[in-house]
Amino acid sequence: MTEKKEEIRTGFYICHCGHNIGSVVDCPAVVEYVKGLPGIAVSRDYKYMCSDPGQELIAQDIREQKLNRIVVASCSPLLHEETFRKATSMGGLNPFYFQMVNIREHDSWVHTDKNAATEKAMDMARAAVARVRFHRALEKKKAPIHPDVLIVGAGIAGIHAALTLANAGKKVYLVEREPTIGGHMAMFDKTFPTLDCAACILTPKMSSVKNHPNITMWTYSEVTSVDGYVGNFTIKVRHKPRYIIEDLCVGCMACIDACVFKQKFEDEFNQGLSKRKPVYIPFPQATPQVVVIDPEQCLKLKTGKCKESCAEACDRKAIDFNQKETIEEIKVGTVIISTGFKSFDAKKLPQYGWGIYPNVYTALEIERLVNASGPTGGDVVMRDGKHPKRIGIIHCVGSRDESTNKWCSRVCCMYSLKLAHLLHEHSEAEIYNFYIDMRTPGKSYEEFYDRLLKEGVNFVRGRVAEITDWAMNKDEEDHLVIRVEDTLAGFVRRIPVDMVVLATGLEAREDAQDVRRLFNIGCGGEGFFMERHPKLAPVDTFTEGIFIAGACQGPKDIPDTVAQAGAAAAQCLALIDAGAIELEPNTAFIDEQSCSGCKSCISLCPYTAITFDAVKKKAVINEALCKGCGTCVGACPSSSIIQNLYEDDQIFTEIEEVLAHV
Amino acid sequence: MKFSYFPGCSLKGMGGAYETSLIAVMEALSVQLEELDDWNCCGATAYMSVDESKAFTLAARNLAIAEKKTDDLLAPCAACFLVLQKTQKYIKDYPEVGRVVRESLRAGGYDYAGSTRIRHPLDVIVNDIGLDTIKKTVKHPLKGLKIAPYYGCQVVRPYATFDHQDYPVTMDNLLKALGADVVHYPLKTKCCGGSLTGTLPEVGARLSNILIREAKRQGADLITTLCPLCFFNLDSYQDKMEGPEKITMPITYFTQLMGLAFGMPSSKLGLKRHIIPILPILKERQVAIA
Amino acid sequence: MPAKPKVALYWCASCGGCEESVVDLAEDILFVIENVDIVYWPVAMDFKKHDVVAMKDGSISACLVNGAIRTSEQEEMAKLLRQKSKLLIAYGSCAHTGGIPSLSNQFSREQILKYVYEECPSVDNPQKARPQVRLVENGRETTIPAFRNVVRALDQVVDVDYYIPGCPPTPKLLKQALLAILSGQLPEKGTVLAPDVALCEECPRKDSKPIDLAFTEFKRPHQILIDPEKCLLAQGIICMGPATRGGCEALCTKGNMPCTGCFGPTSRVRDQGAKILASICSNIAAKDDEGIQKTLEGIPDPVGTFYRYGLAQSLLRRRVDLGAEPTTEAR
Amino acid sequence: MSEQFEPRIVAFFCTWCTYTAADLAGVSRLKYAPNIRVIRVMCSGRIDPQFILEAFAHGADGVLIGGCHPGDCHYIEGNYKCLRRAHLLKRVVQDMGIEKERFRLEWISAAEGDRVKTVVNDMVAQIKAIGPLRLPSRFKQWDAEMRELEATVNHTEEMTHASQA
């Protein structure tokens, strides 16, 4: 390609980022060094390049010094590339005549040797200054945004986001894996610190979801495939058979009464504290009010032989044993993932005796036990039929622990306080809380802790060593003994109790990795979905148009979950109302003259963006389908494919120049 | 399957029943054991507190000999198992320790690259051979025999190489596979008194008696263990037990129970080498003895 | 009548095929003789070096040098001819990219001499005699050229104006080049005088190439009966065509043999071997280490396969752990 | 050697995983050796084997590729293409006399900031142990033999390289 030779006039700017860069990299020295590089017209340092005056500096220099290339050495391009591209275009230059050098995340923050860090900054600056010469003017392409939204997971986060979007007039598909929406919150009794009833605040929202004309609610359904890109996703949803025609069932439960089975299967909603039949409704306020048949348990579905008294009992003929799973395809523009969390499996800490001693409970079991609509109607009666006189609540089970999960689950201190209050209220038992540190940061949270202290709950500071039924003396006999080092008193204590509650922590769901792959988003090391930026983009992911909300992103309580759900909904709205999104122009194109039509590239494209033109006998890239990975470019045996922003010459220059040492 | 076998002093002495029964059951499971040539004392835990680098070198000499044989090293005694593992880990994790040990070994004509794998027979039997094979080998299930599984402190602490540190279950599962009833035994990893029985006998006896009393309370017919010192402490101090009621609780090695279930003659299992006789309870529970 | 343009031809480290390719012009050779004066062509005409030395600098219009540069004599002649010529043209793969001789850049000078004069099975040399740069015997001195450590392409020794690729170049390309020189209508300096599109463009098998190769194994030409119609890559045979400049009229693939890359890469490519490697490997079917490794077992000698004609001009040039022994030292 | 040898390592990181992981290492203030120069590409599939050879030819002592873990590629399978090329390129590079420690492919997810640190430190230590590659100076050393001729050819007609024997 022969273009008119222009005189290169490059502006170089290095940012001190306060002390973040300036305290390690000798910015003035870099400025002086860059002044000696070819094509440099301006070389400056500035305290904060990303500030308005910093950006204006670039724009002004472009206008006054007739700059035609811009290089900024500051933080990661993932953070501020857009900012400086805008500054470049503010000056009247095409924003792609810009290159960024990451001397903060990749230099000043990770190195301590100032000379080495400064030398590295010079190398990278030199490479960028050389690379930017090869830049070309590019235009961003626009992708229209389909106005419909998919929300995956209908706990409080999904429900809140769905209602927010639906109220704004957007069509929402809310997909839930379980037979009912509501998630974990539906299992809770009261919520901290206000002690208002979880069901009272949640169930109205659940019925709003059900009745909202803009919400398509699919329970007992899962997303199976995701194709496309921001604004234009094609989603396949699998509807599992409930063996009930959903539109016909009114939730009268006559079929449940009629079922030949006794109540013998573990009730998942009640954490196994009660039993149910193969045909069941998860809980009284389940939404939709539609029963479901478990095919693993139902006699008819398992063996084909049953007198089908349930079907007989159903006036509306809603039972359909021949139901098959169906797959539905939808188009949406944006997605919110709100798949929630998994409670830590207490079996992993056998020294705490869950599953060994019947009177050891998890917190979620207690939520059901103290619930008025729970398995005992709110009576705190233990598995052995007795009422506890003393209860120990153990904090940080599966949290802040090197051998299980390192993180703080954020909600356990508060819910342990809540359960202490509720258990005491329901049983008048004496309550002991065993904690490492009390963590109550939240509006009115510390006050709630204070209230519990005044209510006479005992607090022992120490990580519990074990729960045992071995009695050292008479007092301990027929009790569970909590052995703990009381770090305030400074000795080991053995505290006999009747009931133990394990404040299990929050983990990522077991299939988080599968969901992550499905939606092409990231997971952090601990397994929760990763946000694009921990502070500035907490509900964005690395995939445009896909947002996360609630505990799937990390442990959080209901207020934070709802806030995130609202934020995710707002992000979707912002995209939908903009109507289109600008995409990076880093797509690849084929130099038709040089392409030999060898077809090596065609099958390499995962998006089938490359086709073979049978007339010209050359490969052709459909720009709309190209996502800009550059795999075909790397593979083209005659270098006839060019990727915008990552052209061969640009990268070769970068390689040569980072190595062209002073 | 073939292993180098490190008996250590106990199995050649007081723990003779452990050795004979181990060799018998391993043979029945077609596992070849080749006793390590010219092995020496592992140093046990005591020597570590006297002179660490000499103690490490002493133990490492065995690892060096085993490395030449290339087979994994089987250490049935819980103390040997721990000391050899600790030596291995320290040589690897602390280059300075490794350097000193290697230098000392070289002075004696040995060299150790660090590749020997140290295994406990319980781990090998349950995780390598597998419970399915065990179940198939059982001829006389130990039906009705109630057993308290006692692991002691050393086999899972501090290095939990094959089971949970506080609540191991490997031996529980093995005993169930033999057909026995395993009682809930909350003290399964608590201290037996260790060498205190030698230095502060009242304290040592008290600790081992706690274990016996709890096993009784949980309804056990006998306690089974995998550590010669535990066996000794539990078996030898029952006459020193405080309190009104007289308790006798037979103590066995897990390998003895395996041998019984495999239908081996009692002569091969050292069943007579117990202070608290074991045969009466076996008879009472109608355990077949070949 | 103006004097005819003067033309010189010279050979360095080459097989002689390039010289023959000139004769392959057949009756067109008459056209050449009619239009130019051949002033130097050691293989065909009796001129000596001193005749060239006597010429005025720049008096030769065009000099075609074939062969790679391995000896001090070749170096010297390249420099001399450069000095005397207006246009210096690298003719054929060896001068262009190093050619077959540059495969020896995988070995040290000592390895080569030792093999050739001592270890080669057909050599009978009990005294292990080696050629000496200078030999004085009976008061008479003999010198021979020094054998360098590195094989070089022509432009790694002297400035080159144009390249005519091929092993050997086709008569068609030679004729086109001569016509261009005679008419003075020459492209930008440094151009390779052949199409800048890969061979597939002109290969008759092109249409039979599937879009999805998904290699599961590679075969060498002698291992299978090659289908004369079907794309060779589609048959699992390594064909360098996609990464090799066209212009040869697909002689090899028409002859039922894969392209081995003699025309070198297209102008946008810096390393021909790396590029064919990239395209072939990308199209392997396996996704796991083991499967990939197994598929790649079918390429036992990647350097010899991918850099058959171009090792001297590849990015690494030569096996990098080889040193540089003194070349003029006599022992 | 008076000055300690500091390896120069060129790294090609895909923007979605390893580049982000390197950002995370920065945000977490992890400290690692300053010998690495990162070149960002969108996907490890973009990494042309020529880039690796170019880096070596221009003086890199080591080249590191960082991409998403298998199955995690932002572009579905770009990293597999990278892996396949790396397999054969490793052989080519070694056949050409470059030690295997100098060319490394690592899968580092966006969450593995600490892995960036470990890999870089590890690679720097390994390359320090085997010493510099520095091809430009080797090229120069190889080409020094051509100067022998320059010194003599203009003075005499014949080859008269003095024998040193």
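By letter and in written order, the chains are A, B, C and D; residue numbering begins at 1 in each of them.
Keep in mind that, in the parts below, a contact is a pair of C-beta atoms (placed from the backbone, for glycine too) under 8 Å apart; a residue touches a chain by one contact, two chains touch by 3 or more.
What you see is a predicted model; the values in this text were computed from it and never measured.
Participant: Of the chain pairs C-D and A-B, which one is connected by the greater count of C-beta contacts?
Facilitator: So, comparing the two chain pairs, more contacts are at C-D.
Participant: Could you give the separation in Å between the centres of chain C and chain D, each centre being the mean of its C-alpha atoms?
Facilitator: 28
Participant: Could you give the separation in Å between the centres of chain B and chain D, each centre being the mean of its C-alpha atoms?
Facilitator: 52
Participant: Between chain A and chain B, what distance separates the C-alpha centroids? Give it in angstrom.
Facilitator: 48
Participant: Distance from the CA centroid of chain A to that of chain C, rounded to the nearest Å?
Facilitator: Chain centres of chain A and chain C, defined by C-alpha means, are spaced 58 Å apart.
Participant: Touching at least two other chains at once: which residues of chain D meet that condition?
Facilitator: 45, 48-50, 54, 77, 81, 85
Participant: Going by the contact rule already set, what residues in chain B reach two or more other chains?
Facilitator: Chain B, residues with two or more chain partners: not present.
Participant: Touching at least two other chains at once: which residues of chain A meet that condition?
Facilitator: 604, 631, 634-635, 648, 652, in rising order.
Participant: What pairs of chains are touching here?
Facilitator: Chain pairs that touch: A-B, A-C, A-D, C-D.
Participant: Could you please specify the touching residues of chain D with respect to chain A in the complex?
Facilitator: Spelled out, the residues of chain D in touch with chain A are 6, 8, 10, 15-17, 19-20, 22-23, 25-27, 29-32, 34, 37-43, 45-51, 54-55, 58-60, 71-72, 74-78, 81-82, 85, 109-112, 117.
Participant: Report the residues of chain A in contact with chain C in the complex, numbered from low to high.
Facilitator: Residues in contact with chain C: 593-604, 612, 617, 631, 634-640, 648, 652.
Participant: Write out the stretch or stretches of chain C touching chain A in their complex.
Facilitator: Against chain A, the touching part of chain C is residues 196-201, 206, 209-214, 241-243, 246, 265-266, 268-270, 275-276, 278-280, 282-283.
Participant: Going by the contact rule set out above, which residues of chain C touch chain D in the complex?
Facilitator: Spelled out, the residues of chain C in touch with chain D are 50, 53, 72-73, 75-76, 79, 106, 132-134, 143-146, 148-150, 156-157, 269-271, 273-275, 277-278, 281-282, 284, 286-287, 289, 292-293, 296, 299, 302-303, 306, 314-324, 326-331.
Participant: Looking at the complex, which residues from chain A come into contact with chain B?
Facilitator: Going through chain A, the ones touching chain B are 350-351, 356, 466, 468-470.
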